[in-house]
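Notes follow the structure.
As written, the chains take the letters A, B, C and D, and residue 1 is the first residue of each chain.
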Amino acid sequence: MQIGMIGLGKMGGNMAERLRRGGHDVVGYDRDPSISDVANLKELVDRLQAPRAVWVMVPAGAPTQATVEQLGELLSPGDIVIDGGNSHYLDDRKHGEELGARGVGFVDCGVSGGVWGLQNGYALMTGGSDEDVRRLMPIFETLKPEEGGFVHAGGIGAGHFAKMVHNGIEYGMMQAFAEGWELLEASDVVTDVAGSFKSWRNGTVIRSWLLDLLVRALDEDPGLAELKGYAQDSGEGRWTVQAAVDHAVPLPVITAALYARFASRQDDSPAMKVVAALRNQFGGHAVTA
Amino acid sequence: MQIGMIGLGKMGGNMAERLRRGGHDVVGYDRDPSISDVANLKELVDRLQAPRAVWVMVPAGAPTQATVEQLGELLSPGDIVIDGGNSHYLDDRKHGEELGARGVGFVDCGVSGGVWGLQNGYALMTGGSDEDVRRLMPIFETLKPEEGGFVHAGGIGAGHFAKMVHNGIEYGMMQAFAEGWELLEASDVVTDVAGSFKSWRNGTVIRSWLLDLLVRALDEDPGLAELKGYAQDSGEGRWTVQAAVDHAVPLPVITAALYARFASRQDDSPAMKVVAALRNQFGGHAVTA
Amino acid sequence: MQIGMIGLGKMGGNMAERLRRGGHDVVGYDRDPSISDVANLKELVDRLQAPRAVWVMVPAGAPTQATVEQLGELLSPGDIVIDGGNSHYLDDRKHGEELGARGVGFVDCGVSGGVWGLQNGYALMTGGSDEDVRRLMPIFETLKPEEGGFVHAGGIGAGHFAKMVHNGIEYGMMQAFAEGWELLEASDVVTDVAGSFKSWRNGTVIRSWLLDLLVRALDEDPGLAELKGYAQDSGEGRWTVQAAVDHAVPLPVITAALYARFASRQDDSPAMKVVAALRNQFGGHAVTA
Amino acid sequence: MQIGMIGLGKMGGNMAERLRRGGHDVVGYDRDPSISDVANLKELVDRLQAPRAVWVMVPAGAPTQATVEQLGELLSPGDIVIDGGNSHYLDDRKHGEELGARGVGFVDCGVSGGVWGLQNGYALMTGGSDEDVRRLMPIFETLKPEEGGFVHAGGIGAGHFAKMVHNGIEYGMMQAFAEGWELLEASDVVTDVAGSFKSWRNGTVIRSWLLDLLVRALDEDPGLAELKGYAQDSGEGRWTVQAAVDHAVPLPVITAALYARFASRQDDSPAMKVVAALRNQFGGHAVTA
């Protein structure tokens, strides 16, 4: 089927490519004219035949908000907007209401797959009405992996909520591997640390894609000497924790993983200055200036 | 090759079976005479041809200690004992020294695979001298999965240390999935929670054997209504945390997962009685008796 | 000076009493006519001489919002509203803007002191313009403890933000004592647990009002046998964590204390059902139904 | 009464001084001859009249072990050794047995008070037999604060166990203040952070000696600019966590505080290298080298 794709970066560009390989007619728009099929959103909408489907794949927050607003003015009743970015589920609900008031449908779609998605397919978590999701199934079928990798998780917002929780789980799993590696490296008991990780890929309880990736990374750089222990966090980890606090759900592991990332980005820990100051005050313990 | 197997329970029995299917000559001993090939350890040792290999697959701690001591008295220089149980790596070193003083070799072997190992193979993490490990390779080759699943991690103790850390990682991963599920269930945004987990098996960052197992469990009982939120912990999780504390390695995620298990077994939280008492003292907040 | 007090419950009633003892003219309003000086807010405003000061001491959220809105319609330019409840600092900013548009001043005031405040004074953390705070100083001077216990923390919202963080710290401290008590009780090494806590009131690093209160509680019920390990959380703990996540500040201790409260209110842990299910799947471990 | 004091450093020296001011006859020994009253332990023992009391105030571990062993050989039945250092409670039991076999008594004594103890007294937590503790009461009475500050917590080891838990609680409280400070500094809502802490000293739930000390530190250096966020940990925090794990007691707050110290001493986080490596592998996220 025909679809407009807004945002042709690392994710959107590859998704457009996978859709084209799957036989779909993709009209792409990007701020970068050298990779864009059309000059602006108006031209994109004009190029698509009603009822239109337009996939928004731009950064969450203000860029997505601005794009959805413009589309609201350009699209016609019966068209559908898909937000495939990393939006907050409450923003989805707002977008759904704004577009719905104009008769335009809205589906949110959490997308996982990263740089591997073009080849292996993208895992898709969708939220929206049965009717809207059904109409887009040809697109979802092409984007998703051959087997599985798709869920219609619930109403508007459910797709990004599911993706948000997926990412929270991902944070916890990554940190679990990270802690295990640090302990093995810190002790001198195990002398073949990389070999241990490699061996775990088969027959163990922890075999997983993340372990496969870690083995790849250790193959390239066994001591990870080339890397700094510095990790960004996307919004989803934070939102997972905040949603949990809203629902009085304890998330000790996911939160610890998020905090470890926060701490990794601090040159010095303000909190630990206080601890150092207190130790100095009551014990006369030397402090490091 | 020929091997003695001590302990023919859920793990040892299946391992003996996999070894026999692989063409090895296994002489099994168990306290339960109905499944034992020999009447006692002495008879086991007599039945084996020197240089012997004896695999100990009994509970860690006192039972393993007692078995190793008896074997030390019964075996001859050149024989090898393998401890495939969940022993602490410091116990391994003690056993290695005790047996070594008699000329008997010692290899520790962490075994992962649970009830699936008979069919899929057991992941093996071994510690010991190159010579001892090499001599036992025919056994390891048969027990391990077709591909990978084996590491000679280092000297005596390294096998159980690697397995200990593996289990620590496992705790963290399990808790990450558990927290994600709780949050999805607590919120009403996602209406197809089980479907979301199922969809994650393909194309996502968190695809893993544990996720496969969780999907199986949710297939059988989508709300896990039949289960109580009560989880035992084996020694390895505790030892991982204690080893980390010894090495000044922060393990926030693995420790949080361990503590969640501790808390799951408490009918009432003593600590939270103190919190309730304090709130009552300073705020006149009602307490629940 | 003259002041209107809205909300004459446990906190507001005692604060009105302390103000009257201090020589102020307090006109109180409460929904309960048996303790109210006036029939409604209109009458309250009429009874006060301009420029008026009205202290709102009602539950945070909708009740405070409704009260501030009504006051906005009833008050005149030059009057001041003080919100002494547990409002979120972002609500303060909204209220400040709404009232400011009508020429009415706004000061937020975090109040600590609980049932002890009438006698010992209330710790006050205020936010607002220098001018507004200065005008209210006679009130603050009477309410606060003889020494200290008052800060003008910053602009509108700063008072509640400071109180919010105070409560976050309080959560962490309470949980620290709680964990120490649980460990002492769980081990049999220390046989005089209550005596140990009592001894800590003098000369130790952890001497504190919370310790004094805990000793009082243990005096009344040494094993806390009369209490259930069940603790509510006020909004401030949650807001502290959410503000920290917004600012990428790791708060492992305060968050752990909050999560312990969440968990204390669960009959069964949904997360631990998942852990139990997984252990059963891979290890055939018995589950508790 | 007469007492021997071994170790005349920051703690032991001040304690000897406080005892002398209290009228006791203190014979001090230190490796540093310039501050020692005697040349060696033998001379110390010779100078004391039987039945002797000897207070050991040297670093925990090997130095204490060596001192206790030497004393065992030099002392006579009826003498008592007090270990006032930061020994592990299991070491106490060992020392108690070794000395007991020779008829020499043993009392362990956890001491809190730091550089303030000389003036304000030392909080003492003791373990040992009723008889031994009773005999030493004149010493304890002089060392402890005027009011409270003393407990006979249980049998041998109970004093150090109580002190260990005291320190665990201390870790949690310090970290709670530290996190609150960091959040206030990270946000721009509160502009008078130091003033907020100062105000909390009166009338609040969190008033405490640690808060007093923090206010002192902030008075000297409001932004703690002179300090690095680097904090050592004494053994007690680690032992608290390890004892909790042994007893299946969840200590999320105390453990988080310990881990924050571990992390504060790392130039780079090995664990976060793994997280960075994984993010790079699956998402092509840039890494920092």
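Here, a residue touches a chain if its C-beta (ideal position, glycine included) is under 8 Å from a C-beta of that chain, and two chains touch if they have at least 3 such contacts.
Note that the coordinates shown come from a computational prediction; the quantities given were computed from them, not determined experimentally.
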Neighbour overlap between subunit A and subunit D returns B, C
So the chain most remote from subunit D by C-alpha centre is A
Have a look at A-B, B-D or B-C and name the one that copies the A-D interface, over half of its contact pairs being the same. B-C
C-D or B-C, whichever has more C-beta pairs in contact: C-D
How big is the gap, in whole Å, between where the Cα atoms of subunit A centre and where those of subunit C centre? 37
Just how far, in Å, is the C-alpha centre of subunit D from the one of subunit C? 33
So, in whole Å, the Cα centroid of subunit B is separated from that of subunit C by 47
Specify, in ascending order, the residues of subunit C that touch 2 or more different other chains. 114, 175, 177, 179, 182, 186, 205, 209-210, 248-252, 256, 259-260, 263, 271, 282
For a test of understanding, state which residues of subunit D touch subunit A in their complex under the given definition. 10, 114-116, 174-175, 177-179, 181-182, 185-186, 209-210, 213-214, 216-218, 221, 224, 226-232, 252, 260-261, 263-264, 266, 268-285, 287-289
Along subunit D, where are the residues that touch subunit B in the complex? 205, 233, 238, 241-242, 245-246, 248-252, 255-256, 258-260, 262-263, 265, 271, 282
Which part of subunit D faces subunit C closely enough to touch in the complex? 89, 112-114, 117, 120-125, 127, 144-155, 157-158, 161-162, 165-173, 175-177, 179-180, 182-184, 186-187, 189-192, 195-196, 198-211, 240, 243-244, 247-254, 256-257, 259-260
